[in-house]
Amino acid sequence: MAEQQFLLAASAVLFSLGLLGVIIRRNALVMLMSMELMLNGVNLSLVTFASAAGSTEAAVLVFLVFVVAAAEIAIAIPIVLALARRRGTLDAGSWTELKG
Amino acid sequence: MIETALTYFFTVAAVLGGMLMLVARHPMRAALALVCSMLSLAGVYAMLGVHVIAVFQVLIYVGAVMIFMVYTIMLLDVRDPSFTRRWSGLLVPGVLGAGALSAVIAWALRDAGDAPASASTEAFGVQSFAVTFLEEYWLYFELSSVLLVAAVIAAIAALRAGGGRDG
Amino acid sequence: MAEATLLNYVLWLPVLGMAALLVLPRGADAAVRGLAFVVMLLQFVLAAWLYGQFEAGVAGLQFETRLPWIADWGVYYHVGLDGMNVLLVLLTAFLGPLVVAGAVNAIRQDVKLFHAMVFFIQFAMIGTFVAQDLFLFYVFWETMLIPMFLMIGIWGGERRIYATLKFVLYTAFGSILMLAALIYLVWSLYEERGALSFAFTDLYGLDLPMNVQAWLLGAFALSFAIKVPIVPLHTWLPDAHVEAPTAGSVILAGVLLKMGTYGFMKLGFPLFPEAAVAAAPLFMTLAVISIVYGACLALVQDDIKKIIAYSSISHLGYVMLGLACFDLLGVQGAVIQMVSHGLVSAGLFFMVGMIYERCHTRDLAAYGGLAKAMPVYSVFFMVLTLASIGLPATSGFTGEFLVLVGAVSAGWAQHVAGAGSTTLVLGVMAVLGVVLGALYMLRFARLFLFGEERLPGGHAVADLGLREKAILAAIVVAVFWLGIAPAGPLAKTESGSLQFQQLVLGDAAGGAP
Amino acid sequence: MNWQAVFIGMLPEHLLLAGALLLIVVELLSRRPPDGLPLALATLAAAFLAALWLAATGHAGEPFPGQLTVDPAAFAGKAVMLGLAIPVALLARGELEGPRPYLLLLFSLYGACLTLSADSFLTLFIGLELLSLPVYVLVMAGMRGPGSAEAALKYLVLGGTASAMLLMGASLLLGATGTLAIASFAAGLGAGTPLATAGVLLVVAAFFLKGAVVPFHAWAPDAYQGATVPVTAYMAAIVKAGVLLAAVRLFGEAGVPPALVAPIALLPLVSMAWGNLAAIRQSSFRRMIAYSSIAHAGYLFFAFLGAPEGRFEAVAFYVIAYGLMNVLAFAALPAGADDAAADRLESLQGLYSRRPYAAITLGIAMLSLAGLPPFPGFVAKFLIFRNVMEAGYTGIAVAGLLASYLGLYFYLRVLQFAFMGSASGETIPARRLALGASLLCLIPVALLTFFPGWLLERL
Amino acid sequence: MGALTLIVLLPLLGFLLNGLLGGRLGRTFVNVVGCGLPLLAFVVAALTVRDLAAAGYPAVIETVYTWAAFGDRSFEIAFLLDRLSAVMVLIVTGVGTLIHLYSTGYMKGDPGYARYFAYLNLFLFFMLLLVLGRSLLVLFVGWEGVGLASYLLIGFWFSDPEKSAAGKKAFITNRIGDAGFLLGMFLLWQALGTLDMDAINAAFAAGPVPGLSAALVGILLFVGATGKSAQIPLHVWLPDAMAGPTPVSALIHAATMVTAGVYLVARLSGVYLVAPEASAVIATIGVLTAFFAATIAVVQTDIKKVLAYSTVSQLGFMFVALGVGAYGVAVFHLYTHAFFKACLFLGAGSVIHALGGEQDIRRMSGLARRIPVTFATFAVATAAIAGLPPLAGFFSKDEILWYALASERGGSTLLFATAALTALMTAFYMFRLLWRVFMGASRMSHEVEHHVHESPPSMTGVLVVLAVLSAVGGFFSIPHFLEPVLPLPTIDPAMEHFHVPLLVLSVALGLTGLALAAWLYAGDASRAARLEARFAGLHRLLTGKYYVDEFYEAAIGRPLEWLSRRVFLGLGDRILLDGTLHGLAGLARRAAGGFARIQTGSLQAYVLLGLAGLVLLLTWSLGNG
């Protein structure tokens, strides 16, 4: 297997692992971390392609991903904290007031 | 050759770190696993010659985002049930789905081209990248500042809303 | 006022009326009623004038208006009178003032909204009849659901919500398929001619393969058949009628159901002639089933409104039969039968409303011997009953007779020509259906008017007042007009029927039999 | 660098940003939280007029070639969103306090405008993020019930997932086509290689998620219900418009290749049926509207099956009609509808007898959403299904129409409550400035009812 | 306005005046309008016929207006006066006027007085349309119209549910016949393009009509006639129709309306002349009806029912004549029957009137002395119907028997024998009636007897006139008069010499019936009672009217009810159709419930859902691509 394919497969796995983490982990903070993992998976694939194609644009996109990830976390953490304080738990699976 | 080997090594480490994060019981351990994974990725980037990104990866992700995360974890009560019971009820379907997804994406990627992984490391040198970024892509620089302003305001608003009146 | 645009005034007058209603203050019920009546009367006068000016024997549209509406799609605001719709427009306009007059006592809640809805319905119905553009037609066709939904739902009886939802959901189901067919049809036209057009005249000439025609006809027919309604798509009708306020029932029976048969006549059959001819036995079979089924069900109802509701199913079966036999007399008869049913069932629903206002029950068993207590009422009731049965000299006879002549002679001609006897058999069965019609209406009259005098609650009731008499007298006069001297109206509709025949059967069959 | 092109071409964005910054300055300078509404309204109006003017004059340009380009369609789309934002902002009075919600609104609109000018995935990505991030917070802003933060988190997590999918797709497209320009999507559509197809589908899935198409829809009911009325209106009217118009831009001139028609048509189709059916049992008005929006997302994505030429017209007309109707409906709701109790459909009982005007506008909105003529919703629906059928997908169009039929019931149910129930004794208070908001919607609705052709000719 | 139109419209005017104003303007007004206008119509008719006679009876056609036109075909409203319709018009207006006059006495004091006369005038209007109409359409209008008038008058005392039910039954039964009539009419229209009866006759006379069988048309039209003229199997309504006021029974259900079927067949003789099959059917039905109705009449105990079955039977005779091609003879019998049956009914009315409403002959006897005028007229009419010479019935019945035997158009010995037997029975049951009612000692209670009184002159006067007509009417030979329009069939030469013996037989039959009745019902009628006991089964069958009503109820009525209620309403509407709808609605609700369960509220589940969607999207299209 060529290196590039390997890297891309790893990126797919990381992406999937991130998604999996969001699904299977109860702890809301770990869920947020899993989202980061997802973005990291994406980054890996972007960088792989970027380096292959020499595309600066892709690198800029990775930079933007960093920024956005930071912004998302900055917004997500207060929300999670608010929920944790109010519901007395960090278990995202128990935050099911809205349903149906 | 050693570079290739290191690339493989870091890649495997990143994936392992990701897996570790998923199975770690305590969020702090999960965070550390994630940091490991991220650092490994930074290694991969460096091996691929995209040094700027490797640097950013360490600075922004590990340095800022994950520190923030760890800080938050430390703030919280560890007796919370979510700290002790890892899995939601969706473990099996989740694993199956994620497995299928990675398989299908990997399958799609099977002929993604066999170009050497590091074609032009020149473009990703810190200097050349900075120049290109600020000359050609300064729009995104500006836009990310707008985004960050918006995010700051949003975060403040979220804190205010979360800490404010409540039912 | 240019004469050619007069039709637009007839069409849009109710909208002006709605606007005027907005200005009136809340609670000014008398003013609202007065305004509504005047506007409706004006509409009728204009429509009657149009009818008078409408030239018989002239093919094509009269009082035509054609303005671009959605120019990009080739949609035009295109309205006009022709032999097919002229009588129906007159009927609609005729019932308008009567509906308003009939609601004086019955509607006491949300009077303004009620009259706005009457205006709205009137607008949509006339629009459906006069539209000459398929898009416009569909818009009017569907729009009509809205006021009807509210009318039954707000002023209806106990199970009004169920009834009105059933009505709307049922009808809308058909419409959605018609919409699909409509889009397909117009697209086919575009494929063939390279131009977008929704004009009926353009669509008539479209040459479609048989299987496509069959599908499209099926979709259109489903929509129309639900509205008619043809058995087995009828179960919304009894519920809607029973729960609707008198005005709703009158509009429903008087005009709305005709939109379905008119649809068949104006669109369903002419747009897909080959498929229509092939499916004619099916439609005739369904028509005869409707005749018999509706009559049988009317026979065993204990709710006075349901009897009339089921009778509508039966009567509209005749219309379908007349249309589907493609015989000139049959088609002409179908047109007259539409109007006749509009008058007669509207009149009967008015009468049911009048008695309901007095006694507050629709249970047939609660009534008896009304002829003694309310002689004038009974006379009107008897006249309408007989018209419903189709006694000569009433409009019902003209319609049924011509339909049956058409169906049987078409059937016989086919039989003799060795082209199968289906039409003949169905025609004969329809003739036998005449007996059933008498059976249920006379049962109704016997239990209702005759026998021991018995009134709900046992209290005395007043006979009809002047307003009520005037409403019924107007209807009865119209009933006799169509029964005794139908030549005038028939002459005006002949061009339409001939056009229908020609569109369906091709040039060869056009002209007099 | 063509500064003039940058100035003119991004004038609406500039105005929004200027307004937002001004608002920040005002907030910093004033002792008590200032009222953000007047300034926000002025900003929105200015940006709206600018977009309208640019659209009308047919301005086109390339402020940042390959990154951000503008054309009349983009300006028209921006005008739609900015115009819809004005009544939404009016609705916020009384629900959201202080200048911050308006700030977030302006930033979000900035992002929405960016997406419509995007020429590369970078711009698209940042635009979508900028569109969404403030909304995550707006969902929990001014919240009166404990569900708001939950709603915000759900929206955020799924929104973040969507971003990740978009990026993944973009990166695969980069691999397949060697570029991150959005044209790579169109190219990927036609390429047919697994790599390109996977990229395309990941991007499509991201848009499905943002647009709330089944099975990526699950955030929507919760977010809509958890948010306050103006925010729900914003999500329903503007976020959806932004996502869909961006999708139109993304698809560009490309048609959907036959191999992808089934998967791309299937999910919207399921969405229509799912949304329309699930709405039946809802007792919360906003939640019901959310399911309605899921169904409408289905209709909107159907537009992509049609020929590329008609796509913008169809989507733009649809989002205008749809947005107007949603804002109209929300404007008619009684004040205090943010309380879970007041949000219940039953609280509309007897609305007509108490506030006839509100009942009528609500009725018009529902009927138009149901796609009944003569209201604009019908023309919009017609346009979409016509395009699908013209593309030759008769069966899909018929199935879609049937699925759309399923929605009639719950819209009528609202009318049933508003008109057919007997009023309980208490009066229903109107929300502040609702009259202004509903008039701002009602006038275009009336115009679109009677003269839909006027707009269609110009789109 | 032509004379014919005037004749038709005069009663209509009477209907309108009485119907709209009669209730308010009092009895005199009602009398003047109600009787005056029919009388005027009679006078006009008589004058017109006189003019016609002077001109040698050319057919007069008076077109009023076009009812409807289709291309070159049209339905004209036109009247036709020829010898046949002249006879009918005079009978209708003449007898009609008499019965109106009679009614002024009979209905005196009834609260519905004005309504009654309005209905009666309406009836005359439609009856005149029927007999004067040139086209089958006009005839049909009258045909249905008289049915309506009959319906209204049978149910005149509508408070009694049985009476209104009888009216309904009459209408419905007629409608069944009308269905056949309509079909026949449609076929004629289809083949000939006209419904004018003179044109139809001419067309059939000219040779076979392409694409149309005269037999089929004939039978279909005859189905209509069986309804209106109460022939088997549609005879069941007429006896029930006796629920109406007795003058109505006389006018409508004896003299005029029920003979419309006879008139129809005679009028369309052109069709039947070329349709021997149809004629055979007519003769068979006619003779069967005559026979069976007579057998029922023998055991009836209600005075009006006896007369009703007698009417059915006599109509059967007329159809026998029609069936053997002797159209003029049928009209002859129609004409004489109009007089004597009207006389009998009015006489019965007088009896009922005298007894204060009693109709059961078992509670009558010895009335001859108390109401002598009634008795005398009744006796004359009875003799006439029994066929005793030289009364009117003798001539007409004799001719029928003769043609039944000797006509070359279907005459046969069997036909003749049955008819003769029926004639015997006719004489018997009529004299039985006469005997039981008028003869013997009084068996009535004193109270009843005290009330018995002769009817007022308005009634007895009419009786006398009718009795006279019954007596002398036979001397005006209708068949001869009608020969130019309704030629008589040729006589089978083999039968030629049987004419005189037949005359003798005919008289003998009448006398035998008389004697038999006198013997059986002499004294306390114990012989009759013994006979009844002896043949109890047969007697039950006859009093049960062969259980035809019951059969219809079981074969049609109840199945229809069952079909409608259980199958159509229960199974069809409720279970199949509404059930499907509600099932679909339930399905939608269930689906909604399912969707709601999927929306668990758990964020993780939402993401999983999205993941599933993503996998689905990717696998599907990558699998395809």
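Letters A, B, C, D and E mark the chains in the order given here, with residues in each chain numbered from 1 onward.
Just so it is clear, a contact is a pair of C-beta atoms (placed from the backbone, for glycine too) under 8 Å apart; a residue touches a chain by one contact, two chains touch by 3 or more.
The structure displayed is predicted, hence computed values, not measured ones.
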> Common contacts of chain B and chain E?
Replying inline: A, D
> Farthest chain from chain C, comparing Cα centres?
Replying inline: B
>> If I average the C-alpha coordinates per chain and also across every protein chain shown, which chain's average lies closest to the global one?
In response: C
> What whole-Å value do you get for the distance between chain B and chain C if each is reduced to the mean of its CA atoms?
Replying inline: 69
> Approximately how many whole Å separate the CA-defined centres of chain A and chain B?
Replying inline: 6
> If you average the Cα atoms of chain A and of chain C to get two centres, how far apart are those centres in Å?
Replying inline: 64
>> Please tell me the distance, in whole Å, between the geometric centres of chain A and chain E computed from their C-alpha atoms.
In response: 95
>> Quick check on chain D: which residues sit in contact with 2+ other chains?
In response: 122, 126, 129, 133, 136-137, 140, 146, 149, 152-154, 157, 161, 168, 172, 175, 194, 197-198, 221-222, 281, 409
> Residues of chain B that touch two or more other chains: which are they?
Replying inline: 88, 90, 93-94, 97-98, 101, 104-105, 107-110, 112-113, 137, 140, 144, 147, 150-151, 154-155, 158, 161-162, 166
>> What's the complete list of touching chain pairs for this entry?
In response: A-B, A-D, A-E, B-D, B-E, C-D, C-E, D-E
> Once bound in the complex, which stretches of chain E touch chain C?
Replying inline: 65-73, 140-141, 144-145, 148, 151, 155, 158-161, 164-165, 167-168, 171-172, 175-176, 178-179, 182-183, 185-187, 189-191, 211, 560-561, 563-565, 568-569, 572-573, 576-578, 581
>> Quick check on the complex: what are the chain A residues that touch chain D?
In response: 8, 11, 15, 18-19, 22, 28, 31-32, 35, 38-39, 41-42, 45-46, 48-50, 52-53, 55, 57-58, 60-61, 64-65, 68, 71-72, 75-76, 79-80, 82-83, 86-87, 92, 95-100
>> Quick check: in the complex, which residue numbers of chain E touch chain B?
In response: 602, 604-605, 608, 611-612, 614-615, 618-619, 622
> Taking the complex as given, what residues does chain D use to touch chain B?
Replying inline: 17, 24, 64, 67-68, 100-101, 103-104, 107-108, 110-111, 114, 122-123, 126, 129-130, 133-134, 136-138, 140-146, 148-149, 152, 168, 172, 175-176, 193-195, 197-198
>> Quick check: in the complex, which residue numbers of chain A touch chain B?
In response: 2-10, 12-21, 23-30, 32-34, 36-37, 40-41, 43-44, 47-48, 50-54, 56-57, 59-60, 62-64, 66-71, 73-75, 77-86, 89-93
